[in-house]
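Here it is, the structure in full.
Chain naming follows the written order as A, B and C, and within any one chain the residues start at number 1.
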């Protein structure tokens, strides 16, 4: 029984499937297995006489330069994504949102009054500052904690960051224009710029305290929007 | 892989990668997923300008006759092992619940007649459909609710899912075995009982009116469209 | 068993077989999925294509079955009895010459539909069998066993411009003393202005008054200014109506719009 006769034409009961078939088998086993598979394990699953080690070599060559490749993990084998294509397994979505009115006002107060405590921000805005607003501004790295105020309770203060200056194109917070300049620049126009109306909800959430004039700019703008929608 | 044409014009920042690269990308994405992936999903993960649909055609050809193959499932794609190698993979097989005859028949009726109402299923089987049968098929994610029928009572309809197609290796509901013959024999027609004129089950009667094609090609197409929408 | 039967008196063999078959059916009655299933099973004894089946013969078989079940005091579900009644009716239709004054479907039409139902049920059963005979995922072919997870990162970026910032600050700091006014747009009459004006005048308009009479002085002559003032006044009146302060009416299309103060007791 000299079994090694590759050029043997007639099939015997114990003849192994052709190497191409063995390659297919190894491919299917490795594909479907939930973990890397050893050569011994493959051999135990494949018909007798198969040589999974050799089939693996063929298969490995076949996948060279492909989107996936055959990789050795210890003494086992597995398909893995080609390293240069790892980015395909990351899905990233970027969503751009306008900063809420509460956030921009809080940020403005911090920028103009820094270092400023939370209580001071609330006093200026006339409404309480939600934890989320501060967190968001911190997360954006536009504000950070400053020194504690040397007053009873030693409250923390907030200051703007380098990144804030960078984002708003300022050399220092002192470059922010004063009220007079704002008015002169026409920035005290009563009309909120188009598209600002979405902020209304936010504001209502925090209460309308400090806005006794229901028919001020915001109320009117809100009402106008409702008409536009219908 | 011979994508590198020497006369390739100068590369711009937004130029899509060569088709060979795109094929690799599609290969990697599909290998990484156990679930079928839609072309849109692939496109969203690949660099701009890629054409995953074309890359898929190349890839499908590449895997012809291999141990795994590229299978279309509705409007999605997945790699699946070649069915003739199933014997190697018994170890991976998951014990599926044995379906009752009622469940199997109900499933077949939904697949061949979709979208189909419960009353129509009962009319075909001649017995009421138990709640448990529908629940089981829903749980397996083989059927789902389709559009409501625009008839009195607006009954819900059932259609088969992408997972159903995937499970039975069907590219689309139109590839159901024997569908054409059944249609040609008129066995998928909705044929109201003679003389039924509103004195009996009004809903069912009206349901069939004016929707002669509900069970025809259009019906199947309609169901597919719903898949595409999602 | 068949050996024993064949040794018996030949005349009895058929009846014994028939009886056995009938008993088998009766024992099995719970195994049938309703009357249609039973009819389909009975139809197999005719050994013909379902399209050429004799519905009359089938009806008789079914009725005989129900009769025997009854004689054996086997309780049949209601739908079996309903089907029996219907088949009895169908049988009479098929046997009697058609009554020309009778409306409704003929016996042949009813029989054809029954045959269609049986054929359709049979077809669905075969389709179901073919479906289940297909290669199945997780049994004959397999998904990727080692999927790699796709990490999903959602990044939200917030935008704000310096102008937004300054405007926000200006808004806070001037909330008290600041009064809106329109600069460099002297042909625009704002809704706030209209609201302001109308609220001042409201107490004096208990009767229907043309909206146009609310236009401020100096805004009536120039068309551009009148347009703006009209629009603002109209918008303001809608707002006031919404607040329940006034009522609006327009007797007919394009007629002048009129408003009046809503009486206190109406509110």
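Operating definition for what follows: contacts are C-beta pairs under 8 Å (C-beta built on N, C-alpha and C of every residue); 3 or more make two chains touch, one makes a residue touch a chain.
Computed from a predicted structure; not experimentally measured.
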- Chain nearest the global centroid, as defined over all protein CA atoms shown: B
- Note on the structure: Relative to chain B, the most remote chain by C-alpha centroid is chain A
- Message: Averaging over Cα atoms per chain, report the distance between chain A and chain B in Å.
- Response: 32
- Roughly how many whole angstrom separate the Cα centroids of chain B and chain C? 22
- Intercentroid distance (Cα basis), chain C paired with chain A, Å: 38
- Of all the residues in chain B, which ones touch at least 2 other chains? 31-32, 45, 79, 81-82, 89, 92
- Item | Sequence positions of chain C contacting 2 or more other chains | 142-145, 148-150
- Note on the structure: Note: in the complex, chain C contacts chain A through residues 142-146, 148-175, 178, 180-183, 190-192, 195-196, 199, 235, 238-239, 242
- Item | Touching residues (chain side chain C, partner chain B) in the complex | 33-37, 79, 104-105, 109-110, 112-113, 116-117, 119-121, 123-128, 130-132, 134-145, 147-150
- Query: Along chain A, where are the residues that touch chain C in the complex?
  - Reply: 28, 31-36, 78-81, 89-99, 101, 103-105, 107-109, 111-112, 124-126, 136, 140, 168-170, 176-177, 179, 182-183, 186-193, 210-211, 215-217, 220, 223-224, 227
- Message: Can you tell me which positions in chain A touch chain B when the two form their complex?
- Response: 23-29, 31-34, 45-46, 65-68, 79, 81-82, 85, 88-89, 91
